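Starting off with a structure, shown below.
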Amino acid sequence: MSIKVKIINDPVYGFIRFPERELMQIINHPWFQRLRRIKQMGMADLVYPGAVHTRFAHSLGACHLAGKAMDELRAKGIATNNDEYLATRMAALLHDVGHGPFSHSLEKTLVGGVSHEILSGMIMQRMNEEMGGILGKAIQVFDRSYPARYLHQLVSSQMDVDRMDYLNRDSFYTGVSEGVIGYDRILQMLTVSNNELLVEEKGVHSVEKFIIARRLMYWQVYLHKTVLGTELLLVNILKRAKELTLDGMTLFATPALSYFLQRNLTIDDFMENPMHLDTFCALDDTDVMSSIKVWTNSGDRILSELCKMLILRNLYKVSFRSDSLASILIEKRDMIRKRLRIEEKDAHYFVFEGEATNSTYNINDELIKIETKNGIIKNITEIEDSLVNHTLAKAVHKNYICYMQ
Amino acid sequence: MSIKVKIINDPVYGFIRFPERELMQIINHPWFQRLRRIKQMGMADLVYPGAVHTRFAHSLGACHLAGKAMDELRAKGIATNNDEYLATRMAALLHDVGHGPFSHSLEKTLVGGVSHEILSGMIMQRMNEEMGGILGKAIQVFDRSYPARYLHQLVSSQMDVDRMDYLNRDSFYTGVSEGVIGYDRILQMLTVSNNELLVEEKGVHSVEKFIIARRLMYWQVYLHKTVLGTELLLVNILKRAKELTLDGMTLFATPALSYFLQRNLTIDDFMENPMHLDTFCALDDTDVMSSIKVWTNSGDRILSELCKMLILRNLYKVSFRSDSLASILIEKRDMIRKRLRIEEKDAHYFVFEGEATNSTYNINDELIKIETKNGIIKNITEIEDSLVNHTLAKAVHKNYICYMQ
Amino acid sequence: MSIKVKIINDPVYGFIRFPERELMQIINHPWFQRLRRIKQMGMADLVYPGAVHTRFAHSLGACHLAGKAMDELRAKGIATNNDEYLATRMAALLHDVGHGPFSHSLEKTLVGGVSHEILSGMIMQRMNEEMGGILGKAIQVFDRSYPARYLHQLVSSQMDVDRMDYLNRDSFYTGVSEGVIGYDRILQMLTVSNNELLVEEKGVHSVEKFIIARRLMYWQVYLHKTVLGTELLLVNILKRAKELTLDGMTLFATPALSYFLQRNLTIDDFMENPMHLDTFCALDDTDVMSSIKVWTNSGDRILSELCKMLILRNLYKVSFRSDSLASILIEKRDMIRKRLRIEEKDAHYFVFEGEATNSTYNINDELIKIETKNGIIKNITEIEDSLVNHTLAKAVHKNYICYMQ
Amino acid sequence: MSIKVKIINDPVYGFIRFPERELMQIINHPWFQRLRRIKQMGMADLVYPGAVHTRFAHSLGACHLAGKAMDELRAKGIATNNDEYLATRMAALLHDVGHGPFSHSLEKTLVGGVSHEILSGMIMQRMNEEMGGILGKAIQVFDRSYPARYLHQLVSSQMDVDRMDYLNRDSFYTGVSEGVIGYDRILQMLTVSNNELLVEEKGVHSVEKFIIARRLMYWQVYLHKTVLGTELLLVNILKRAKELTLDGMTLFATPALSYFLQRNLTIDDFMENPMHLDTFCALDDTDVMSSIKVWTNSGDRILSELCKMLILRNLYKVSFRSDSLASILIEKRDMIRKRLRIEEKDAHYFVFEGEATNSTYNINDELIKIETKNGIIKNITEIEDSLVNHTLAKAVHKNYICYMQ
């Protein structure tokens, strides 16, 4: 396999470099290359047509930012040694490797609730065995067993290179310029004390801006009503296809997708039988979409109707409501049952309710800590005049009703 | 079907508007929506990972620029009436609707050399019938039968909205900033005389820059050695799959792809049997990629080898050579025959030669014409001190040898 | 005078158009042209070297955005007639015409506290007389006497085209990308009800982002310690120069600057004697800087010392303190008195204290109002889950001590 | 003097770093700080209002690119030692330090044809003496006496960091996006062989693009008719003011400008009397503009007329003509003589002819050399299919007539 590509032209950052041989080995691994065929934002391009960028590009970007962050820390005298530097870059590169196609929808249906974080961990383990142990330290950084905790925080916390890259990249590709963050300034403000990642006090406004940008991206993009409706549609399609398959119906599907339609797997199954992970790592967006296109002609009217809705972009309508939804639900269900001539027990495929939730800042997660000019360390919510106070730390819940139009 | 989306957030131009009901009707048509699943640059994202944008976004962009161009002309008193305005926007929107997945590779193999321009024309005809004739004038603009010739030139010439959009968009998504063109200035410099599209003399340098940017994009991106090699690999995969299918072997394939693997169709076939076009319009990138992934395990060693090369990104090496290639070809073929243990007659799948060609400015195509300050109309090559002289008007040919590494 | 330039190339927005003859007449007026020689951000380029853009460019930008905003409103059926359209563009163009050089410093010293808003109003009156009354309606929009209040709000409120342009422009030129706002989305979300400018509810997050961006620009740029220190230095230079002049000392100065060094003018003086305004309109940055350069060699040691500090960029140090400053002040003053061998009464030129204040959202100013989906109008602080709550509506005060280094 | 600023926020490149203490010492020197008050593009902001950036920012940018270029070369194993690295950065920083205000106009009038390159050299010598010899090697790099020639070529050749920065920066600030160059790619393509700066063959298209961008900027911006006319107006103003001063008339002027109005200095004068250089280094845009404003009221009608033209932006009209200009010149002169009631001998101030010249690629200057894949070194004009052939290497001359409107 060719291990030559070292400079990659990234539209977000310009030329980015991967001088480390080990990183190129990982990038060239088929399990990583598969991320080229998995869109970062799933179905969001139905609303933002530019947003077709891949998890591959995001992973390279996170790895690039991890290097930049450590360069800044080194310039301040924080001694990250070369092994740690490489391990952290690896962990950033692989942090999302466990994502499947349309991850949010798929996790809930095909892989029985096994989360992509767990799958990332398993995949890293397998790659490590295959590659003679070069990933050992990266796995420690990833699973927070490595002593220098700030390295894990760089890769995974409330202000990590993952979020910095995806906010920037998603803004760039959606055209929602308001999500752009000043990542270079944030990186410059990072520091470390007592093995903990901190932000210098003069960077507080940049952190606030970062959090607000993320909040905006959530409500304007990730939880945009149509985006949300599309994800829910996909969940229902896969749920129905699996239901039918387990009931004995034969559906066209690519081999990898077929495998997961026929099985209800738990995390223990994944651990016992490596074949499950192998097949998972063969799955990407093209399996799902090419099969759904065929299902538009399925004999099962529910499945074919749902698939046509997706392909013809005749999507669910989602409506956020604060008041009781019961009566509307009943009314819409009746209407749709009659229109589609389906049974009451199947109406939930076309009319249902749910809840969308987002925490702008989560006080139960890795906290963002600030080092004041006097060297005191505070949680960002404790900074005087800080925006990130209890209002923002409270999760926002929105009830919705979702129905075929 | 919902016909509501009127403002689209495009990362290249910002918000773009589609106030015309008829345009939204076309955009929402399944044959147009299918362009969402066809990448504009085919396999080029193997080299430029950001370049995963779709023909859908490009078509919207071209339509947007067509409107902007006509707005400029109207501001100069060139009377484009509302019907012409709409028809030209439609023609720009649909100019690429006949592209299949990985068009350059597919045309040569699956659809028997029927060009995407011809397919675009057929599809527009069919949509016109379906939509009650609203596309009549757009078809005339597209096939140059409409009297006001400048409208066709806006949509299809050597400085049309198609090229303006794709140069801009491809630059944006590849990160090759050198391809960026000053499209807004070019649009401002357009004028019309005697029904012919012209550029005002003070816009000559912008036109030159546009042509040079295109030349650069050709050699740096579209004909980049690895991009070229990947397209050739795809051609060979599809050729082999078709060969095997026609020989009676059963290959996994999605239904739409299967249809074209089993048939050698001519343009006459497409005209006689509408089923062919219907099936063509069900085909997209996901059919091709999901099938190729399965073929990596094919019983045919040639097919599986070629597919593995693509999926594992172990691509052909392409080398441009001015000298004779005969001896190298023989040497490489021998080597690969032995390595793969294949017959001489199959070696051409792994080692072959070819020619890449590009004309920076083609004097046999619609010419770019300049209106001088004195109102005289000249071909751009006749402008004093112009860059676009005979050197640039000469096609550049480069021989290459292409082989498995 | 030539009134031909109609399209201006603005690095922030691209080509911007001024098709209205009356606007070009204003732009070409010497009192408007003078804004070319007045930097928008005063001395801030000592910290952000790119930020040398002028009030001229800002005024054009605000006028451009005013037009865009009214275009959006018209597209929604809000009937702004052509006279109102032109008047509002004029008001936006002229809203800052009363700024003098280094306005924040100058107002406090040279023009006796007459604010730039008042001077803008006077200048508009004078131009109106000169131009045969074409500014009548613009003046009404500016001074809020025009019945359609939303026009004034577009030009001057907490989310007006002035702020939108300066946040965007200042971000662009300083390179502080975090100040960038999604002005095009905000413009799209504007609506009018009962003659009042409103934002549609789905635009709430964009408004929040706008307010946060402004907050960030304040603390990171406009009230940046060094920027603040430079402005205070300029205040002291002009104060000293005026003090010496009024005491009878002859200082080199350009005629226009000399005029104001010799006079203590009140608003009544400006109203009675048009000569004052004429001379004010001859004053720009070059008068101030060219004179200060000469003063570095002044016989007055205090003046020459202060001017050298500015020219050699050996600026005041500003330190924000929450605790009592009394003791530090005394200590620093003693030190500097000895070093410069100056009297106690003059020490305040080199060591002093002050307070910087900023309101992110001012509940006493024109409020930002939101129209909910149900047509109810709310103040933005009343929106559920809104960021712009009482925390942000509270002014932030920071005490500082400022001293020669 | 404070030597602390090490990271500068540049809108063109983002954060740029100056970790070297010696560089900060130079940057803080008053002779370098003076570049803050000298606009890079002189009067061009009368046409492109955004283009008010300074020689200060350009010099920092060139220094930044010099570092980036040497970083690339080091990554390729070209051993630039630390002294050379610093010296080259210094030379890039100081390459333009000899520019006066509105340099193109001023050189021809005030400083008797002593070029800014010679003045830069003199200033570097003086600074070197003052700073204890730290500039020794930088001076060698600048005056091409240093053995490693490629360092000089980086700083001064047909593809040096000076041009790269100014093309980028001028594009950015004018908004002429067509001038943008892919500087990062060009830097990546640099290499050195036999102490000579070369471009790798695969970078040929980027070099072409660079040269074409420069050509476009020349004709569209630097030699834009109005820009050219404004420079010629300034030349005439300064010429007239000097003429009057030498004739004994007393004109208001700042002391530094006055000094040069009273003297005709040669290069020998500058070498003999350091006072000349000291005064030159006190001169900036504010001296010229503040004096011209006063001269609008001069008793000399020619001077006041010329100055009013500039301040009121009632500029010369420039018209490029290929045919004989004699008759038009006579006609215009007659007209203007009558209108202004001036003598024939003074008419040349208001009507005259001239020639604008630009070489896209100058074969008599430091050539751009290409290293082919086979290691052969060629002049770029010798590359097959290269754009930069004899057409581009030929200087373009355009005659113009320039007259008061």
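So that you can tell them apart, the chains are marked A, B, C and D in the order they are listed, and the count of residues begins at 1 in each.
Simple rule for what comes next: contacts are C-beta pairs under 8 Å (C-beta built on N, C-alpha and C of every residue); 3 or more make two chains touch, one makes a residue touch a chain.
Owing to the predicted nature of the structure, the values given are computational and were not obtained by experimental measurement.
Taking each chain's centre as the mean of its CA atoms, which one is farthest from the centre of chain A?
Checked the centroid distances; the maximum from chain A is D.
B-C versus C-D: which interface comes out with more C-beta contact pairs?
Counting C-beta pairs in contact for B-C and C-D gives the edge to C-D.
Provide the C-alpha centroid distance between chain B and chain D, rounded to the nearest whole angstrom.
43
Taking each chain's centre as the mean of its CA atoms, how far is chain B from chain C in angstrom?
50
List the centre-to-centre spacing of chain C and chain D in whole Å, with centres computed as mean CA coordinates.
Averaging C-alpha atoms per chain gives centres 32 Å apart.
Which residues does chain D have that touch at least 2 chains other than itself?
Within chain D, the residues that touch at least two other chains are 14, 176, 185.
Under the definition above, what is the set of chain C residues touching chain B in their complex?
Answer in residue numbers: 7, 14-15, 184-185, 188.
Along chain C, where are the residues that touch chain D in the complex?
Those in contact with chain D are residues 1-2, 8-12, 14, 28, 30, 33, 36-37, 45-46, 48-50, 52-54, 56-57, 60, 172-176, 252, 254-256, 282, 284-287, 289-291, 293-294, 311-315, 405.
Can you name the residues of chain A that touch chain C in the complex?
176-178, 180-182, 185, 205-206, 208-209, 212-213, 215-216, 219-220, 385, 387, 389, 391-392, 396
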